[in-house]
Structure formats: structure tokens, C-alpha cells
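Right, I'll just put the structure down here and ask away after.
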Amino acid sequence: MTVSDAQLAAIYQELILDHYRRPRNKGALAGADARAERRNPLCGDEIVLEVAFDGDVVREARFSGRGCSISQASASMLTQALRGRTRAEAEALVRQFSALVHGDAGAAGDEGLGELRALQGVARFPARIRCATLAWSALDEVLRGA
Amino acid sequence: MTVSDAQLAAIYQELILDHYRRPRNKGALAGADARAERRNPLCGDEIVLEVAFDGDVVREARFSGRGCSISQASASMLTQALRGRTRAEAEALVRQFSALVHGDAGAAGDEGLGELRALQGVARFPARIRCATLAWSALDEVLRGA
Amino acid sequence: MSSSASLHSGATPALIAPLAAPLPLAPRDAFPLLAADPALRYLDSAATAQKPRAVLDALRHYYETANANPHRGAYRLSVAATDAYHDARARVARFVGLRDADCLLFVRGTTEAMNLVAGSWGQAHVGPGDEVVVTRMDHHATFVTWQQLAHARGAAFRIAELTPDGRVDLDHLASLLGPRTKVVAFPHVSNALGTVNPVREIAALVRERSDAIVVVDGAQGVPHLPVEFDRLGADFYAFSGHKVGGPMGSGALLGRRALLEAMPPWQFGGDMIAFVGDEVTTWNALPHKFEAGTPNVGDAVGLAAACDFLAGLGMDAVIAHERALVAAAMERLGAIEGVRVHGPAADQRSGVVSFSMADVHPHDLATILDERGVCIRAGHHCAQPLMRSLGVPATARASFWVYSDAADVEALAEGLESARRLFAA
Amino acid sequence: MSSSASLHSGATPALIAPLAAPLPLAPRDAFPLLAADPALRYLDSAATAQKPRAVLDALRHYYETANANPHRGAYRLSVAATDAYHDARARVARFVGLRDADCLLFVRGTTEAMNLVAGSWGQAHVGPGDEVVVTRMDHHATFVTWQQLAHARGAAFRIAELTPDGRVDLDHLASLLGPRTKVVAFPHVSNALGTVNPVREIAALVRERSDAIVVVDGAQGVPHLPVEFDRLGADFYAFSGHKVGGPMGSGALLGRRALLEAMPPWQFGGDMIAFVGDEVTTWNALPHKFEAGTPNVGDAVGLAAACDFLAGLGMDAVIAHERALVAAAMERLGAIEGVRVHGPAADQRSGVVSFSMADVHPHDLATILDERGVCIRAGHHCAQPLMRSLGVPATARASFWVYSDAADVEALAEGLESARRLFAA
């Protein structure tokens, strides 16, 4: 079962660690139109997602909370990917991201996911999928609740 | 495991069946000094034992209730064996009978037990010991309670 | 799966029922305890079933390859345990016709399931002046649990009586139902008589006349009959794994989602919480809300293997097999002097034959039969209220399952004849 | 019993503790799951223990030779099951130093045991204005159960805080005790920190200042330390079989006879009744009054085999072995940059090392270690209230048992060093 550090790097890519160390769009969002919280009862990790809309289009998204590298990087990338998307596009993104981390080959090849594809390695770690989807589950609530 | 009817007869001796078919001292005892009830929760069998004393000596003992051949025969023999005994003798009899049905060799050889020795076969049937001791447990209460 | 399983699984009831001398539906060899003692005539399957080798293998395989505390671990072994547990739930749910597997709660057995419903739903919804209805044939697990809940909540406790042949008297039941009725609980199948109750019909009757929940004690249903929870019309359905050939300590409560979601938790501890504050705690989603503490993964895996085993035989074939044996036994026993068989006709039963012999106590019968290797039950069968209405303190009961055969019936009858001779002498 | 068992069982703590590189106390070969995967480094024994072969054999042997519904059968197979169950109770009781074996109730595990005490004693004796005390280090099974009981009964819920090194602050605890204190519950050993609490001292403190019952969560006591209930001064003591190497679904609650006899039953059903009337029911004697339904004989037999296995090793040797490993791990881990070990000194613990690494989340540590075959736990360990006071959402935890050895410690340390490198890069 012993593996080299190189193999581990498949999930802990530099891009993920970078988002973990220097999260984008972290902190409260003044003037948010919607807000949702998620907590992973396994580890106590929390994510708060706040979104501001211009009509049907996401103007800005920010997150706060704490968690592991996967949940933090995922939230950080989410806030970047969201900006400028319509609600319908955002909903599609939620579905596509979920497919990606559950090992869907189509999603892994979808260039529209951009940087998010760095998280595809999570599919090999079933216990961590929930970490990757924590912020996305909050986004789902934001989109439904609106 | 199959056995002949002859072997079964070791527990279902004629003497036991006779007491079962024609129980001695069955029915209420007018003027009883003490009374105790026992119920076997496994099968719903019940025994009521009533005893009348002349000073320290048992004048008469009677029982009522319903149950299997072992519990009925045991109760019937008990009422016979008890008559004329002092409390101390009755207490010794309770202990000796318990030893008998738990397979004690000394008790099995004790002629003082008289007919009761017919019940020694019960020791081979652990599930039935409680049937044999139901009336004796009631007697124990009578002797303690007094 | 045993080889005879596939042979029999397609057999229709009509094909099997008329057989004069039924063979086992599943070979004795598939059951290590029976295989080790060919002379043993085990006729107490309604109390607990003997275990298929496949079940014991599955149990051991779990402990040897996947044992870990599920849900909480980030490492692969714990994921394997989590998957095994989840998969077991899905398979058991499928076997009993429940689509929404998260509405299957693993419990220790029927008794615990019934106490869960009474302790959670009952405590929350039954109050003074309300009415709780059970039947005269209920097992103590149901009878006493609801009797005590009714007393604790100041509600009235009502007992639906039986017809002379041991079925629930639907007219009497109907007369007990009304706007104050909060709970109606009854067995799918009576363990003491074998009577199969018309669950759908009773549920419809209850809906028509009250807003009560319908709680089915399925301890003797799942092992013997096809069960499809989603079509039964019941709100809750409970059963025990050990009677299905699964391990002791396994069992399930099935419930309707809306009810389960609205119910307060029953026990507290790990897995069932979401957030634990110093003052306030919130609960996890179904099924976890009702599964406090480390789950019993091993026994759940064993139960799933038992369900697979039975699915391989086909539950239509199982009940047909049991009825063929019951019919044979009723005929053979009815011809023995002094024997009276309790309960309804063979086609309205599972594989249970409860009987009395004049002048011979059931306990004596059990001992005499045991000396011949025939295991029957003698007692009140945890149904004292029923015994009172039969006017007996106890009955003798022979019960059949998939490994039972005509030789069992014959050994039983010969033992009873010997008892007759002994006591008549 | 394993062959090394007898070699080690006479070893005194002093003899083992100083070993620089502890060998397993019981060989990995005695544990089929570990034997099958020599590269596996299982460091999550505090969550659940791997099972000795002797336990799995005992379990299977029961099902293959003695399986029947106990207590109720007049035939020999049922007597064999009854005897097996009775014998299991006697052996487990002896192992935990309880002379009066009928005061040992078989339950599913610690969680159920705690819910039983709260549901029976607590419901009957705790009322408005009363006070219920737990500690900051309690597992949710204890914390939430008593929190909810207090809320349900209108009582105050108080939390004894900890010293900075993770022991119960006895002064603070003392300050919470008074005439209204009805219950004081605490763990024998903290699963999250490993802290061993001075049970006797705490019990004496409680007796001095209140009439409260003393309830000990022994889930992490029995697997790791000698326990002698009759001398602990506690009223109730609960533990889980699966953490002792026994099967899931087994466990026990020990209680003082006078309390158990006065308590109302908790669940209703078969075996726990004496007489069932249409309106009124009476209860069976101990232990049956608290064991409603068909007993889980198989898992009880397995638990007894686990106790025998541990008795063969000697519990003094077990705790000495664990402390040697903890001391080695604390030294080795403490030297890794950014690692902080929580809790007290090695000689005040069982085999638990809970730690954090700066800038690396425990969940990430667990994944990285798992890739090397090292299984640790990352999370709140069902102790959210404790995590809040440590100021972390979660910790990483390695826990040792009888099969752990120096190679486990080394693999853990190397994995952490690799994580350090990865995240520092």
C-alpha cells in the first residue's frame, strides 16, 4: 500500500495547495443577495457562501469558514468560476462539478470546468468527496432558495 | 438422538404419572396458616400452596393450580412428604430436594426423601428443573414468611 | 446460493402444494448446524432460524476484510466498512420492497423496533383520552410495548378480539376505531397460531375510520412471505434478522419518510447528531437520526446475505413449501387421539402448527419429543393474552422453514404417538 | 489464546515500559484482518478494534453448534443456547470485576447503555430544578444523552471543564456538585485525548457533596485497563464489545443491584415480563427485566471470547504496552515541525495520541497517511464540545492496541513528515 510522494501529488496538486494557502474571495460579502451555510458533521468544517446578483447574473461570490485543503480550494475556485454566470449556467456547473468529483469521465474532459478540473483526483478518495462538495452544496441552496 | 420409549420412562415413571393423574391433597385448604403462589413465566403454570401448622409441626398441606406432569407430581408428593414435619425438617427437605433435582448423588441415595426420589430423573432435563421446583419454591416462601 | 435453490425458485405454489412428502426447499447441507446433526428435527424456526452457511461466511468475511468504524473514517478500510453497511441497507430494503432505503433503520430486532416507534412517535403523539389498539394475538413485544405506552400517556388500551378459528375479528376491530384512535398495531403473521393477517385490508379499514398510524409487527412476515412494504399501506413495519436466517442482533424498522422525518430521535450519541452545542444539539438526516452509536455493520452484512439467500429461493416458493408441510402436519396430527390443532386452515397460515394434546401438558410433549431429537416449543409463545382466550396456559408449537421436510412431520407425529401411549398407559 | 500471550502476561509494566521499540503484545497473526494485509498500519483501535481469530471462531462455533432461542425452549438445543448466554455473562462479569453477574446487562454498546440509564433511572429520578453534570471531554453518547434528558426533565445541564493539559478539573467539578445534583457522568478514559480519569477519586468527591449517581462511560476503559467494577465506587459502568475485540452489536451495562431493581424497565417485550394481563403487566427478575426481546447470544459469546483473550494477555500488560507506544509516539511526533500533541503525559493516558499539525488539516493528514497504509482518525471524535475548548474543529488521532508496535509509530511519523514536505513545498 505504500506509495511515493509523487502519487499523492495527484490529489494534492500545486494548484489546490495554492488555493488552500491563498484562498481567493475569502471573507464577508457586503451587499450579498443570498447566503448559505454548510457544515461537515464528520470534521466540523464550515463554509459560508455569499452571492450578489446583477439581475440573473452572478456579480460576485465570496466564502468564509474553515476546513481542509480540499474544501477550501474547492470553495475558492467556486467563487472564481461563478462570477459572470447566469443562474442557469451556475446550476449546470453544480451538476457538472458533482459529476467530476464522482469520477465521471465526461466531466473530467470538459474544458468548461477550467481550473476546477484539478479536483478530479478527489474521485479516488470517497471519504473526501464531501469535502469537495461542501461549498457546492451551499451554492445549490443559494440557487434554489432564490 | 432417537431413543426408545423405555428410556423416556426413566423420567416419566409410573409413580410420577400416577401423581399427575390422581394428585394427592389437591384443592383449597380451609384454615390454612400460610399460603404462597408461584408462576412459571415460561409456560404459564401456576401453583398455590397452602399449609396449616400445629405449633411447629405441619398439620396439613394442600395445593392447587395447573401444570405439567412434573410440576403437578412434585407438588402432590410435597404435600404428602410435608405432613408431620417440623419447620426445621421442612427446610432441610427443601434443600435436599433441590440437590436431588440438580443431580446431587448424595440426595439421590437419601432414603429419607422417600417417593420424591422418583423425581431424580429431572436432573437430566435442565429445562424442566424449574417445573419440579415450582411448588418447593412456594414452600420456601411459606417457611421464610412464617 | 444452494444448488436446489435455483431448481425450486421458479416453482409456483400450485406445483408444490399438493406434494405428499415435501423435500426441503433448501438443502440441510446449506445449514452447518443441521448438516452436523442429521438426526436433529428442528421445528422451532418461528423462535429463531438456523443460519445458512452463506450468512456465516458473509459475517466472517466482513470481519476479516473490512472491519472498521464506518461513517467517521477518512481511510479506505473505514470507507469499505461504510460501503458494506450502506450496501447491506440497500439489499435488505430491496428484499422487503422499500424503495427509499434511508427509511430502513437497522435495529436489534422487532422488539427494539416496536419500542422505537412507541418511544418516539408514541411519546410525541399519544396523549390523555387517545386510544391505542392492538390485537388478542399480538406478541408481547407489541402488546406490552403499546400497553405501557398507553398507560404512560393516559390513553386507553383496546384489544381487538379473534374469530373462533384464530383470525382477527375485523368487525370487532372496526368497532374499536374512531377519531381518538392514534395507533393500530398488529402482527403480519401470528407467531403462536401462524395466522396470516390481511395487512392491506386492515390498513384500509384503519384509514377509513381514523387517523391512526398502522404499525405492523412483521417478525413472522419477512421470513415466510413475500413482503412489499411500499404497497402494504402500513406506516411502520418491523422485523428480526435472526428469524430470517440472519445473525442475532440484526433487524430493521421500515417507516414512511414523512413520519420518520417529523419524529424526534429516540436514542442519542454518535452518528445521529449534526451539531452538538453546550446547550442545543441538532440531528443528522435519515437513517442516521435513529441509529445512535457505532452501527452493527457485521450483523447487517449477515442480514443482507440472509435476504439474498431467501431471494434466491423465492418467497412465493417459501410460503408454498411451508403450507404444504402445514397441510401434511395438520392431517397427520389431527388423526392422533386427543390432539387439537389451534388456528385457521392451512392456506391462511405460515408454517406454524400450534396444538394441544388432551391430558398431556405441552412441556411434557416437548421433553418427550426432544428425546427423539425433535425440537418443538412449549409455552405461551410470548402471547399470554392469546393463551387466556384459547383457555390454555400454553400450547405446543411446531414451526417449519425452508430446510423442513416430510421427515420432520413424520418424526413429530411419531413422537406424539409415543407420548400418547406413555400417558395413556 | 495466542502463544505470545502467555509469554507476555506475566510481564510487569516496568519491564515493558522502557522498551525503545515495542513489539506487538499479541501477534498480528492472531488477527485475521491484520494477518491478511501485513502492510496495513491500523491506528484507529479506539474507534473499533480488530478481532482476534478466537473471537470469530467462538461466534461461528455458537451458530454452528448451539444456535436456538434461549430461555424459552424445553429442548436441549435451546438449553445449550441458554447455557452459552449465561456462561458468556458470567465470563464477561468476571473480566470486569463484577461479582453479581445478574447486574450485567447485555446491550448493543456504550451508547445504548447510556440511553438505558437516562431513559430508566433518569426519567424516573431527574426533575425540574435538578442538575445533571457531565464533563467537557465526554463523548456524544454521554454528553448528548444527558443534555437531552436534562432538557426533557427541566433540569440544568452543567459541564465540568478541563485543565490545560486535558484532565478533568476536579476543583471545577467539585464546585458544580450540590444537593440538587442527580447525575454525574464522565468517561473512564477520553477517546479523544486518551486521558485516564481517576474514577474512584471522582466517585468519592461526588458522594461527599451530593446524592448523585455516578455513571461511568467505560468505552475506552475496558479495552485498555484493568477494570474492577465492584471497587470503582461507580453506580453504572458502560462499555462496547466491538472496542474490546468482540463483535459489533455486543456490549454491557454494569449497575448496582439496588438501583437496577428499583428502576422501571426501559424496553418492553419477550423475556422481560413475568405476567402479561390485559391491563397490567409485571416484570421478570434481573438481568431479564432490562433485556427485552430475543437476546443476541452469538455476539455475547463472541464478547466473552474477547474478554478471555484479553485476560490471557493481562490488562496490566496491555496498558503498559500502550503507554510504551504512546511515549515513543509522543517523542517521535513532537520532533516533527509544526506538530502539537494534545492531552496529558504518557503515563496518564491509554494508547491514544491526538495531535494537530500547523497549516495542515487533520483530514488531509488522514488521506496522506492512508496512501501509505496508515489508518488514523481525523475529526471531532464525537466530542464536539471538547474540540471547541481545544480551539480546533478537529484533530488527528492515532490509537494503539495489543497488536500495535514500533513499526506503526514509525510509519505514522514518516507519513507526517511526508505531509509536512508536501504542504511546505
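Lettered A, B, C and D in written order, each chain numbered from 1.
Throughout what follows, contacts are C-beta pairs under 8 Å (C-beta built on N, C-alpha and C of every residue); 3 or more make two chains touch, one makes a residue touch a chain.
This one's a predicted model, so the numbers in the text were calculated from it and none came from an experiment.
A count of C-beta contacts for the chain pairs B-C and B-D puts B-C on top. Chain centres here are means of the Cα atoms, and by that rule the chain farthest away from chain D is B. For the pair chain A and chain D, the distance between C-alpha centroids works out to 38 Å. Here the spacing of chain B and chain D, counted between their Cα centres, is 47 Å. With centres defined as mean CA coordinates, chain B is found 79 Å away from chain A. Touching two or more other chains at once are residues 40, 72-76, 78, 273, 275, 363, 366-367, 378-379, 384 of chain C. Residue numbers of chain B whose C-beta contacts span two or more other chains: 42, 127-128. Chain D meets chain C in the complex at residues 32-33, 36, 40, 42, 44, 47-48, 50-51, 56, 59-60, 63-65, 67-69, 72-78, 108-112, 114-115, 119, 139-141, 143-145, 147-148, 157, 159, 240, 242, 247-250, 267-270, 273, 275-279, 281, 292-299, 363, 366-367, 369-370, 374-379, 382, 384-385, 388. Interface of chain B with chain D (complex): residues 39, 41-42, 126-128. Residues 37, 39-40, 360-364, 366-368, 371-373, 378-380, 384, 387, 393-394, 418, 421-423, 425 of chain D are the ones that touch chain A when the two sit in their complex.
On the chain C side of its complex with chain A, the touching residues are 71-76, 78-79, 83, 273-275, 284. Note for the complex: chain A touches chain D at residues 1-3, 5, 7-9, 11-12, 14, 17, 42-46, 66-70, 125, 127-128, 131.
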